[in-house]
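To start, the structure under review is shown below, and the notes come after it.
Order of writing sets the chain letters: A, B and C. Residues in each chain are counted from 1.
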């Protein structure tokens, strides 16, 4: 009887410790996830949280050692220095990004986040910092050469992506294709293309170039036609107007003093 | 290329396994004793208590754990009067514990119900007292009966830990995804599949051992 | 007068199962209660063992009231009194109800250890003595599932006797046994009676009753219709 009570007590204590602790996952040298209850904090913050899908190469992802790296990471660290704030990186599930932002768990959505009209209604965008387009990728030996050739074919896209939005903005196209499959990551979409289940992939150019470099450029072909150009920007809560101004100012500085070009060259040099 | 993948995979998986096993162990350690209490409450003669617990169990078993995770972390803050913003870790533990306690409680309830009334009566006639009777006479017999079903749930729990991704937490499946995306390769998913199989194999063996230990009487 | 039953009433649903039962038993007496199935024999036994609460009447064991009639309301014994009464009266169930996850020895010493009526070594000694008396010494580390029906019954008897009861009840002791073991049980009950334990047996085995009973009470429609010596 006594033994049982002590076991129960031990469990309760452990639970309390675990709940009050809030142990952090995903430790890495350059990224420390944080728990924030943003909405309830004072506006006098010096520490901000950037939410990202930490598997999204080359914008924000893990290197061989598990450290958080990427174009967006470098941009964020630079901007934070200029804005004189602390920035922490919080891995989130990409499909929950706006929820996380509006709940106050993160302050920036910064992960190859494209500006779209629908998103403009939910968040405030910084000045764009990278141009991108939604390209069509097919296997090198495919006989698809133009958008029209995609009629009756199977298309793969990443779910919740601006690629999907771009495709959906051309409903006549959507009607003509056979199947439009959504994948949770672009990596999976690429796998589907390689497996031959999908005939073409609609994807951010920035991303596609990274993947194709990894595999072997020769396996793929990029069509001339695309689904439009777009720009990456940072998403903030609409109420954070001051923060937005500071961020845009930082971006201006970085563009003018060559920092932007340096970071761009590091990640997107055409080899 | 494969060696580079493994070089990244191993340390990241070791990091992720802390989360996978952490969620697994805490959930088990708290849910198991808690579910016995909940099962008893569900069997209470007080109709109100029984109904409230019944509703709790119904909600937990009737909605996906994934949804519960999302609700507790994102949605609970907006609940009037009692709304509170849990941290990610708190939300994960709360959702898993609430969910698995409900499942375990139903298994225990079935097990307790299957114990012959005569056992209670023999204990009563011998003057053993209600608490002692439950802990030393009834519960050991119940445990033997429910082991197979519990074993199933325990193994399901290992796999359910991968749901923490929705709150951005990094378990072994997420680690595999990171490696996969870095190298645009599929093999990390195969490796993590093997890791899950290894964990399950160890668990299955352990459960079999426990079942054997309880098999000393039929 | 070790056991005194007075005017016991019990209703289940709309049916009156016990309708004013009164009888008594002396020290060492073997009383058999018989009647057709569903005539209230088992209910009577269960009331005596505090497994049912009668609607009216009183049950007195030695000098303590298990149930007392207080102006038409049945009052139960207090917790302290119950603790004593439970040791004074024992029951050997028809299905024995041994604890399957415990050895014979553990079954025996469970209750005495819990109630702490004796120091531990004495409890163990008494258990071994009883097992010897019942010819079960070499089974003390066996589990119930390894025993035969007759052996299980003897373990059940030993378990009940560990608490030194003044009254020992048997619910259909011969129903599960063959003739041989029936003889064995006859001898055991005789021995217990000679040791001064009052025996109450509920049975529909008339042959057995005729052999062993010193007093026979016949129930019909919840009433005692005869009492013979």
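We take it that contacts are C-beta pairs under 8 Å (C-beta built on N, C-alpha and C of every residue); 3 or more make two chains touch, one makes a residue touch a chain.
Fair warning: this is a prediction, and the values are worked out from it, not measured in the lab.
K.L.:
Which chain has its Cα centroid closest to the overall Cα centroid?
P.N.:
The most central chain, going by mean C-alpha position, is B.
K.L.:
Let me check something: if the centre of a chain is the mean of its CA atoms, which chain is farthest from subunit C?
P.N.:
A
K.L.:
Provide the C-alpha centroid distance between subunit A and subunit C, rounded to the nearest whole angstrom.
P.N.:
Between these chains, centre-to-centre, one finds 77 Å.
K.L.:
Where the centres are mean C-alpha positions, what is the separation of subunit B from subunit C, in Å?
P.N.:
About 45 Å separates the centre of subunit B from that of subunit C.
K.L.:
If you average the Cα atoms of subunit A and of subunit B to get two centres, how far apart are those centres in Å?
P.N.:
Result: the chain centres lie 32 Å from each other.
K.L.:
When you check subunit B against every other chain, which residues touch at least two of them?
P.N.:
If we look for residues of subunit B contacting two or more partner chains, we find 132, 136.
K.L.:
If a residue has to touch 2 or more other chains to count, which residues of subunit A qualify?
P.N.:
Subunit A, residues with two or more chain partners: not present.
K.L.:
Report the residues of subunit C in contact with subunit B in the complex, numbered from low to high.
P.N.:
Its residues touching subunit B are 49-51, 82-83, 86-87, 90-91, 93, 95, 97-101, 110-111, 114-115, 143-145, 159-160, 163.
K.L.:
Given the complex with subunit B, which residues does subunit A contribute to the contact?
P.N.:
So the residues of subunit A touching subunit B come out as 1, 4, 7-8, 11-12, 14-15, 18-19, 21-27, 33, 35, 37, 39-40, 51, 54-57, 61-66, 90-93, 96, 99-100, 103-104, 185, 187, 190-191, 210-211, 214-215.
K.L.:
Spell out the part of subunit B that touches subunit C in their complex, as residue ranges.
P.N.:
It is residues 116, 118-119, 121-122, 124-129, 132, 136-137, 140-141, 144, 216-218 of subunit B that touch subunit C.
K.L.:
How about subunit B: which of its residues touch subunit A in the complex?
P.N.:
4, 7-8, 11-12, 15, 18-19, 22, 26, 29-30, 33-34, 70, 74, 77, 85, 87-90, 93-94, 97, 131-132, 135-136, 165-171, 174, 177-184, 186
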